[in-house]
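Sharing a structure below in structure tokens format, with a few things to ask.
Order of writing sets the chain letters: A, B and C. Residues in each chain are counted from 1.
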Amino acid sequence: MDQLLQHFLNALMLGGTYALLGIGLTLIFGIMRVVNFTHGELYAFGAYMMYALVMLSGANFFVALALAVVLGALLGAALEFVLLRRLRGADIDTTMLVMIGAWIALQNAEQLAWTGVAKSIDNPFPAAPLVIGAVSVGWNRLFVFAVALVLIGMTYLVIQKTKLGKAMRATFQDRDTAALMGIQIGHIHTVTFALGSALAAAAGALLGPVFVAYPSMGDLAAAKAFAIVILGGLGSIPGATIGGFILALAEELGAGYVSSGYRDAMGFLLIIAILVFKPTGLFAQKERIG
Amino acid sequence: MDLLTVRGLSVRFGGLLAIESLSLEVREGEVLSLIGPNGAGKTTAFNAISGYLRPSGGEVLFKDSNIVGRSTNDIAALGLVRTFQKTSVFPSRSALENILIGLHLRSKQSALAILLGLPSVARDERMLLAEAERILSFINLQNKKDELAGALPYGEQRLLEVAIALAAKPKLLLLDEPVSGMNPSETASFMAKLAEIRALGITILLVEHDMKMVMGVSDRVVCLSQGRIIASGTPADIQRNPDVIRAYLGERHKRAEGARPRA
Amino acid sequence: MKSLVTVLGVAALASVPLWADAYLLHVLVVTGIFMVAAISLNLLLGYAGQLSLGHVAFFGIGAYASALVSLGFDISFFTLKPKPVWMAMLAGIAAAGLCGWFIGRLSFKVRGAYFVIVSISFAEVVRLVAVNWVELTQGPMALNNIPPLTLGSLTLWKKPENYWLVLAVAVVSFILVKRLVGSKAGRAMIALRENEPLAASVGVDVTRTLVLATIVSAAMAGAAGALYAHYVRIVDPDVFLFIYTVTMVIMVVTGGKGTLAGPVVGGLIFGLLPEGLRALAIKPETQWIVYGVLMVLVVYFLPAGIVPALKRRVRWIS
């Protein structure tokens, strides 16, 4: 029973960051219909920025976190502007191939810059975990969970309550009509990609100090993000959030009770299972985002 | 005999009843036109009959067997082929290749025979090629056979569409607004072509807005409004029918009066 | 005229082992193996228009199945004695083809971008199984000492013989795809890609067509995998890495998807390019950055690939 509780707690922390990854991708995938292969690289970017800022430049941990997210947004906006603008209206194969090219280039650039050695990042939290009865929770993990929740909430508010969010939702539903209504689709795309990338970078910046940063960390992250998007239904923030927690729980329980080697397979197995039995996802709110 | 019998067909989209208990028969060898103002449900009826939409109720009997729920390719194999309202060709292939694809059901090549390169496959291909050229000549596009279908002028693309459907050897051909966007001379030559298609023994169910064409080619006309049949009969009957005139709100009635009905 | 050029070309290719050194031969053998995989991917991605990014799974399954059958294996509920390599290779092809059938049926239910994700996921699951099911696959410790192919009294230890074998398989693959594409089945695949409702309206059975395309494509990739296993003679789970799918995709897309010569040209370029870059003492990471940038440039400026662009040039001249 205590084991189970511990798994649940671990899943909570992991789930929060997975949710960030998933929400970022569901926005990009949903609004822009782009299979964003660079999503994992933004995740890695966030982690590496933390390394650069905290370990190499000696910046304050929390300042570095905020900076990493902002830098992630900027990188995302740049990618969209340079790579995707010209491809507006192109079919999904074309954008997919461009994204693959960008992903390869980015990951290897990261490898060149930081070498393949895993980097650890210090955090300012007490090393001794918080112990409640039979379960324990590291302070850093608690922090990650809290920040993730805040970011999820903020994103939800932006999408639901702001003019920008409304424009994004309109673009998701019907791009042509939205354009006719005067919405600048180009701007929306750039903002969406920037926002999605910022969330991925945030996830990386949060998890980097908990684990380590290494060049191919983005690959698994991206794959899990896709799993979450499919689980939660395209374009659904609540879906991606719940999906993130479900995936984390499945991984924790799978690793704990089946075999730790298959932990990472959980996400993929879930994807395949869901798509075979319920192609629109568990929470498909089919034609909405938010 | 009735080639197609539709009984009590209804189609529901969420809360909206697009088609309500539609019943009609298409007799073998005839040309039946479905008319009605925009939104009357003509294309929806087409989609439901040809298997692109699952009706919420009713039956569609083609050659006395119910085809509701069967896949579109099975329905085509039975002999019911339709064209589409929006121009529908295989754009990056040549006109000849388009027809070759239409001849899909006529070829009996098996995957194994193809991979082994058996001579029967080559023979089959020669037969298909000859047949495709024949069909292209039938619609007078033989000199465009190597042109990319997507590059053809609009009127010729629509002709190609019909030719692709013909290649599938239909007993019943459903034409969805085949002359929309065509100029009068193109329409006139299409009407002549339709007569030739009919002479091949193919039964035709037509959806059209162009009244001159409808009155000129049809044996019978059925008028839909808001998902229900409001009139049916010979072109002459339909032109005089006050319900039909009312459904079209007057403007079209002048044009319909101007066309000469088929005797 | 065309067939004369082709025959001369193949003859020229066959003569390579007579003058090339061992290293070049090795590069060509591996290039040839990847080319077969690219030809198979082109059938699925280029002709049938299926966004299948899990192709490496078929390659790897072919490799592992062939290796395991030739080595024999012993898992808790089943023991297999080692079988002759030619039989093992057929087993590899069959195993890959079977997975192709499964994916083909799946692709009917799951379309477009979702299918991309499913195909990648499938490949990843297979990789993780290869890593973790140590009893069967030896996990990361790899299957080694895989026997080479024996044909009658000839055992393919040396590079020239392997080169000719790969050349033969490549030629056969090319011919198979050519036959398929010029037939009713190939036209059905293209029709699906171009305009699915129209294709269905003239009788094309979507599921059947997709399944056929995937089975043939997967079996061919499995053959490439089997060739790989018995040439390199060591197989580990890294054979399932996504980066190899990417390599195949780059080959197909740059060469020209949906054309017969595309994967051949693409395969040659991206098989030989790494060697050229290595000669320039470029780091592997830089090489991959070049590939990535190249992909993007090709998509922007030569969206149909190199072969169609060349064809246009030639037509323009003549």
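Everything that follows uses one rule, which is that a residue touches a chain if its C-beta (ideal position, glycine included) is under 8 Å from a C-beta of that chain, and two chains touch if they have at least 3 such contacts.
Only a predicted model underlies this, so the values are computations on that prediction, with no experimental measurement involved.
When every pair of chains is scored by its C-beta contact pairs, the maximum goes to A-C.
Chain centre most remote from that of subunit C: B (centre = mean of CA atoms).
Chain centres defined as mean CA positions place C nearest to the mean of all protein CA atoms. Centroid to centroid, with C-alpha atoms defining each point, subunit A and subunit B lie 49 Å apart.
Centre to centre, using the average C-alpha position, subunit B and subunit C are separated by 43 Å.
Subunit A and subunit C, compared by their mean Cα positions, are separated by 32 Å.
By the touch rule above, subunit C contacts subunit B in their complex via residues 175-176, 179-180, 182-185, 187-188, 190-191, 194-195, 197-206, 212, 216. The part of subunit C that touches subunit A in the complex is made up of residues 49, 51, 106, 109-110, 112-114, 116-118, 120-122, 124-125, 128-129, 131-132, 242-243, 246, 249, 253, 283, 285-286, 288-289, 291-296, 299-300, 303. Residues of subunit A touching subunit C in their complex: 29, 33, 35, 83, 86-87, 92-94, 96-98, 100-109, 111-112, 219, 223, 226-227, 230, 259, 261-262, 264-265, 267-269, 271-272, 275-276, 279. By the touch rule above, subunit B contacts subunit C in their complex via residues 50, 52, 71-73, 76-77, 81-84, 88-93, 97, 100-102, 104-105, 107, 109, 111, 114-115, 117, 121, 124-125, 128, 164-165, 167-168.
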